[in-house]
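First the structure, then my questions, so here it is.
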Amino acid sequence: MAGAELNDILRRVASGDLTVAEAMGRLATPAFEDLGFAKVDHHRRARCGFPEVIFCPGKTPEQIAEIFLRLASGGGNVLATRAGKAAFEAVAAKVPSAEFHELGRAITYRAGPQPEAHGHIAIVAAGTSDLPIAEEARITAGILDQHVTTHYDVGVAGLHRLLAHGTALQAAKVIVCVAGMEGALASVVGGLVSAPVIAVPTSVGYGASFGGLSALLTMLNSCASNVSVVNIDNGFSAGYIAAMINRQTQA
Amino acid sequence: MAGAELNDILRRVASGDLTVAEAMGRLATPAFEDLGFAKVDHHRRARCGFPEVIFCPGKTPEQIAEIFLRLASGGGNVLATRAGKAAFEAVAAKVPSAEFHELGRAITYRAGPQPEAHGHIAIVAAGTSDLPIAEEARITAGILDQHVTTHYDVGVAGLHRLLAHGTALQAAKVIVCVAGMEGALASVVGGLVSAPVIAVPTSVGYGASFGGLSALLTMLNSCASNVSVVNIDNGFSAGYIAAMINRQTQA
Amino acid sequence: MAGAELNDILRRVASGDLTVAEAMGRLATPAFEDLGFAKVDHHRRARCGFPEVIFCPGKTPEQIAEIFLRLASGGGNVLATRAGKAAFEAVAAKVPSAEFHELGRAITYRAGPQPEAHGHIAIVAAGTSDLPIAEEARITAGILDQHVTTHYDVGVAGLHRLLAHGTALQAAKVIVCVAGMEGALASVVGGLVSAPVIAVPTSVGYGASFGGLSALLTMLNSCASNVSVVNIDNGFSAGYIAAMINRQTQA
Amino acid sequence: MAGAELNDILRRVASGDLTVAEAMGRLATPAFEDLGFAKVDHHRRARCGFPEVIFCPGKTPEQIAEIFLRLASGGGNVLATRAGKAAFEAVAAKVPSAEFHELGRAITYRAGPQPEAHGHIAIVAAGTSDLPIAEEARITAGILDQHVTTHYDVGVAGLHRLLAHGTALQAAKVIVCVAGMEGALASVVGGLVSAPVIAVPTSVGYGASFGGLSALLTMLNSCASNVSVVNIDNGFSAGYIAAMINRQTQA
Amino acid sequence: MAGAELNDILRRVASGDLTVAEAMGRLATPAFEDLGFAKVDHHRRARCGFPEVIFCPGKTPEQIAEIFLRLASGGGNVLATRAGKAAFEAVAAKVPSAEFHELGRAITYRAGPQPEAHGHIAIVAAGTSDLPIAEEARITAGILDQHVTTHYDVGVAGLHRLLAHGTALQAAKVIVCVAGMEGALASVVGGLVSAPVIAVPTSVGYGASFGGLSALLTMLNSCASNVSVVNIDNGFSAGYIAAMINRQTQA
Amino acid sequence: MAGAELNDILRRVASGDLTVAEAMGRLATPAFEDLGFAKVDHHRRARCGFPEVIFCPGKTPEQIAEIFLRLASGGGNVLATRAGKAAFEAVAAKVPSAEFHELGRAITYRAGPQPEAHGHIAIVAAGTSDLPIAEEARITAGILDQHVTTHYDVGVAGLHRLLAHGTALQAAKVIVCVAGMEGALASVVGGLVSAPVIAVPTSVGYGASFGGLSALLTMLNSCASNVSVVNIDNGFSAGYIAAMINRQTQA
Amino acid sequence: MAGAELNDILRRVASGDLTVAEAMGRLATPAFEDLGFAKVDHHRRARCGFPEVIFCPGKTPEQIAEIFLRLASGGGNVLATRAGKAAFEAVAAKVPSAEFHELGRAITYRAGPQPEAHGHIAIVAAGTSDLPIAEEARITAGILDQHVTTHYDVGVAGLHRLLAHGTALQAAKVIVCVAGMEGALASVVGGLVSAPVIAVPTSVGYGASFGGLSALLTMLNSCASNVSVVNIDNGFSAGYIAAMINRQTQA
Amino acid sequence: MAGAELNDILRRVASGDLTVAEAMGRLATPAFEDLGFAKVDHHRRARCGFPEVIFCPGKTPEQIAEIFLRLASGGGNVLATRAGKAAFEAVAAKVPSAEFHELGRAITYRAGPQPEAHGHIAIVAAGTSDLPIAEEARITAGILDQHVTTHYDVGVAGLHRLLAHGTALQAAKVIVCVAGMEGALASVVGGLVSAPVIAVPTSVGYGASFGGLSALLTMLNSCASNVSVVNIDNGFSAGYIAAMINRQTQA
């Protein structure tokens, strides 16, 4: 809790505006609604500027649908990641306007029309096997009301494909770069642009790719100064961070 | 090379404005000045919006001083990282107004007064042993003309110290979080703010910290969605990326 | 075998109270009952102060039920860990009052009412996916006649949830802290209390969590001095050790 | 901050006993004295029941001596770990009754006579190369006013040496077990006693011991249920946790 | 090819006893019978003193049966390792006196009565989950005509069980020690006897046992001087080497 | 020994051209001259088509000089790798026309003028810190009488520098690609050319480069089909293999 | 794009031969045909001298068949790797003369008779379990119109089998060496020949082979100077590189 | 303690031959002489059939000399491993007939003439850098009164050198095989002989040899069935085990 809020509560206790019990309650009030199987965080949008996100693995379709409904009722956009078809069907029964994104394994609900875009996020992916992760990033940034362009299948072994996208990449405020195998794309893209690059190593590969470790190390050791890295296959965080950054241009 | 620039060159060749030889030269012109032992990149500031940076390890004091002088003569700020005292003395002999930052192991030269700040970057460090890396980030962001606040010695084992800085952290446009040992600080800070967090694992620690691997894995696996990670001990990249992001708020 | 016991046997041999053969037998007597497929340790409760525990993987339901019955016949509480439904059904057919704990994957049998509690063990878990391991710890400590409080879903990315439990945690004699992903919870909890913390890294996570390695390294490198660690997903040992420690307060 | 304390402050604000500014101060008061180069935590003894500890690496002898003096002036025992001779000489100049423990690399100051002991901690070490770590644990537990017995050079390759100590080990309330190379001692000791065992892997070994990794994995995988593990070479934490546990028997 | 054999061939070529073509053939003759899908090595028993062994994984039951028949027809004992029921049924149809060992996953055929034993091999296993590997070692040594005693379920957490076998272990010419989890048994056994110990780490364990890596490192770092190690789960090699060693006592 | 040679010896034994003793000698003759501290392989040039190479680490300057002299006396070119100044001085005293290559840490001796070149090898290096390894490759290929072009400081973060060398790279018969840090250069170069690429990861880097592991994994996982990899920092093997391949074009 | 081509385009723009728009198109023309789900690269044969290759995993049989058809229509040979039976059936329906290689998991189509061979590639495999990878290399090199000899089941534990192939190996222009388990074959083969050896570690093995890591490290550390390595199980790249090298002898 | 000895002590207690105190003493008597800084084990030769061994690292020259003297006074051979010159000088001052082995870093003392040899141990080393470890094995086996032959510098890259030693190797009762880098020698030697092979990986190598890990994994995964492995650089254990095995042939 920030000092300003605390200061305010204390003042109101001093002035008799709040009883001690009310102040205790205020300070203790959980910022979430407890469904038993989950704690729905309604304060989060205020606190973080972004809606709550449902991570589906380990939850039943019914639980996902229930949380989705509560969040949708809260008035903001809703995002559920790593969702399967069964989860979507349960959600759709309660929130008919929810949309399913099969490749990106996500369910979204949009509360209103997307606001006018400022700046844009470029999402670059090396190969077709990296698309589910790239799509997860795209959907995440989109539901956070940011404008996104995608540049897929532009791996470094055929550099001309990447260079053809140079102008678009240089116009982006932030770039998400998704690659498996040797993950060299992040360094190459990093050297072409002056915006921050969020690199997502994927577990695509075989042999000594060791489940994404190879791409992860490549990206961490990038000789380009503008590359930071998220966890293997974590398209969601990359999209989320990119949205946070692009939003800065609109403030 | 972006399409627009290429288009322009082609048009001028077509119109006779440029000979083929001139166009070839233009397309081939190296964007750097070759000192023999180094290629000084004068185009970089235009291309990336930031001045060239000198990475000192593996260069002699004389080489560092020579490159520093050329860059300072170019009219922008100059930064040399991982610099020792001998390097500074060689630089100071040629660029008397250069400054040495012992703890952060950097040499800086400022071409003019720092422009008025928009937004600010918060740099958070867990322990006193992490300060050299935190300072490297601070100096980097500063020479890139960004406003920085520092919050040092606020490790998670004494959470009250961190919470006391809550308001300042929440006001930052981007946070650099530097921690060794178990690196838990990034997750805790990530949960307190709505800005992107650039996490820097440090090699501080012993036993099973394995030279920073422990902190690195912790930060990559952060349950906070707004954390991205740079290489172990890479304060420079963190400061550079933070500056890139904060600059967006001024555009 | 402790010296006192040996001394006693030797004295009785010297005095003719025991023949050499009897002494050999006594010294050699296996402290277990051999069922062919398992050696049931009836001395263990005397030796270690705690009942025998059945680790189910690799045993058939029939074998588990048979061992369970023998132990229950011995007069103490019984615990079977990592048990599935089939194992429980086989046990229940022989020991009808046995109880099944689905989430914690355990079967328990209580020989008599739980004795009055002294002190208590607090079990803290970061996320809902960590619950099976936290429950294993809770059930283990409970069947060892210790009093337990649980504090679930209090991960560090939302620190206010954890802080709300501060008073309860500070009252505990020992704390079990269960977390996957980056495992930062152990350090934060360690810094809030003056009791020992038994940290259990879980294999919950993805990408660079490497099956729990990330949380394990985090916990081993904790900057809090009161944290010790057990194996990945080993809720049983954590509950067992916590019970050992809490029992000290009652001696 | 615990709820009780907060409740009290709020009540006193409501009653006019405290002004808002005073309450803010109280809630914000740092629990440490800032020496510039260090923050001396005077509240820690009250909060954790144990005195502050100085970790020497990265601090100058003068800084160590200054912190040591402040803590000694605070009236409790003082402990500085990983200390060299130079640090001790600086401390001794300011706190003449401070003692140096060369093998265990520690400086201690005792404010008064050691209180009467309840229970005891047994420290077991496998080989002579493990003694510095074992001694660090012994000194730590001792300065925390606990009674300690030591059992050194009892590695598992000559089991008779360990078994000769059986009675003493079985009488301990908690055991610290220090071993490098293959670290098997923890499992053997764990099977002999009914108290918790805090295992400390050491970096002693060569070849595939990989700096203590071998002993660390051995101890984490112990088939004895009462073994928990601290970081490689971390004798301090082991002694600290053992003291916490043994203190329970006196509450 | 040893020099003596070469010398002999050359002499016979010189004397006209062998034509050049015959010598080429002799030098080139493959020491195996080619079945298309396998090369049956009939020279191996002469060369190595032990019969050929069939490693079943990756071969069809029919292929296994065919190779088994050829080897049995060669007049020596036959061993097939890692064999399933289907493989046995195919073998039994062709070699009715073949025997199946379900736990040890092996098929054996004995060409004649086992010769009188000299010395014996002791096989020690830590837990019941290690039995398949221990049995593989036992069956291998047995079919190589060596005498074996087994000592199962004698893990170090209950040392009295192991010590009860002390006399038998000390009488063995060589010991095979099979253990998973922390693998400490090898060091303890190594310290009790004066014979070589062949340690077999098993993949039994969980969490940080990393598929047998923990036990492997423990055994390699054993502080007992008489321990050498084979691959994880490789009971076959352990039994084979033990037979080689025990056979020395009979030469 | 190849069959043809064996056939020939046998024929001559049969014909009486060679006695058995002579044949034995011929077959047994060591293909090296034994200096006590080293076995100088004079047959190697015939066998492998390339001269013997001296690997200096672990040899005294005198030993290196002695071996160098013997090889030079043999009439071919000589190469000593990983050589320091002291080694060179000792060599120069005996073989005055030997040359020292400080950056590439090599000593060479050329027996005659370099033959006319067919095809060429391109050596590409990412950064200036990679030059010692690149030079080792260059010197190795050169002393093996191959034509080499070098393309240094063309890392992927500034792609225009690499693309400027495109034509030269595409003309090469084989490319050696040397890079540390993230090692992405191999994939980019691999995608630009139709010749085989021998990739050399270097130990240049910090943090999570783990002594060259990062670059090694990157190169092994290259999405370009024409990349094979040698050991970390092994410029010698890369130059050697490249020479073998380029030589094919001249056969 | 090579400089020569660029030069030519610029000249034709200057001369009016090409309009600016045409030049832009020429420079931008994608070198592939976009099927929606894949980008078929028709320029590749020209650029790399080899036909496009289809990597099947992650593609449906229909997609594979469609791409196969397009490539076959282009007039060159076609290769699909890691293909199953279903993929082949779909391909055969569209390209009846396509051939399926079950063991090597590949589909090939040959546009015309294989050209006369120059030189040959030897493919050596250690054990029968390595054959799928060896066959992948053989088929790849074959469809690239190179002559191949195979030498299978010649592991180092029975060296005479390998030596029997010595003459054939020494005649090869390049050798592909495929081995799992300890991967020692590459070093032994490397020492027998004067051609480059492309080593392919396979994931065949168990225990501490760690999915091919053991063989990979062995091959990278080979004491033979002529060994370079590709990714674990990557028979395709090995065959591809070998073909590139052997082709040099025909240029 | 073995059962027979225990039985005997009990009988004598029963018969009055031993008092209880005497029996307790007997059972408790340490089998070593305590010098304060070390426990000299005089029973070891009786118990293990081999003299005590002094491991020098971490001991002062004076301590080493004192222990050496005590052991020499005990009447058997003495061995000190990993000894430097200073240690030898201190020993020689007290035991003038002690011998120093510089390359093998050992000090030996022989109490009487070496007994007549039965069988022999062959020690094989791959390269000259492996000699210190090979020598340690040789000296160890020698001081244990076994006959040893050495076969150095016979790495697999020049197989003819190894094959020249074939007859001698085939005559050995046990083989110690020492190799660094890729460690392939163990598999090749294992396939040539019918005796057990004790493989010693060495830390010789660079790049991806990772301090001996590469050779260690190679040897553990050997496809030869007769290879067991000791720790990296552990020549002592290899020599010790080989002596144990060879001694069997003389019993």
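Here are a few things to note about the model shown:
Letters A, B, C, D, E, F, G and H mark the chains as written, and numbering starts fresh at 1 in each.
The rule is short, and it goes like this: a residue touches a chain if its C-beta (ideal position, glycine included) is under 8 Å from a C-beta of that chain, and two chains touch if they have at least 3 such contacts.
Treat the numbers as computed from the prediction; the structure is a model and nothing was measured.
Of all chains in the assembly, those touching chain B and also chain F are A, G. Counted as hops between touching chains, the shortest connection from chain D to chain H is 1. When chain centres are set by their Cα atoms, the one at the greatest distance from chain D is G. Across the assembly, the mean Cα position most removed from that of chain A is the one of H. Ranking A-C and E-H by contacting C-beta pairs places E-H first. If you average the CA atoms of chain D and of chain F, the two centres end up 55 Å from each other. One inter-chain figure worth recording: chain C and chain H are separated by 42 Å, centre to centre, where each centre is the mean of the chain's CA atoms.
Counting partner chains per residue, chain A shows two or more touched chains at residues 1, 3, 28, 158, 207-209, 213, 216, 220-222, 231-232.
Every pair of chains meeting the contact definition is listed here: A-B, A-C, A-D, A-F, A-G, B-C, B-D, B-F, B-G, C-D, C-E, C-H, D-E, D-H, E-F, E-G, E-H, F-G, F-H, G-H. Per the touch definition, chain H reaches chain G in the complex via residues 126-127, 155-159, 181-184, 187-188, 190-192, 205, 207-210, 213-215, 217-224. The residues of chain D lying in touch with chain C in their complex are 1-4, 47-50, 53, 119, 166-167, 170, 173-174, 194-196, 198, 216, 220-222, 225-232, 236-238, 240-241, 244-246, 248-249, 251.
Of all residues in chain F, only 3, 6-7, 10-11, 13-14, 16, 19-20, 23-24, 27-28 touch chain E in the complex they form.
Contacts from chain C toward chain A in the complex involve residues 128-129, 153, 158, 160-161, 164, 206-209.
Contact residues on chain H toward chain D in their complex (touch as defined above): 1, 28, 30-32, 37-39, 41, 58, 201, 203, 212-213, 216, 231-234.
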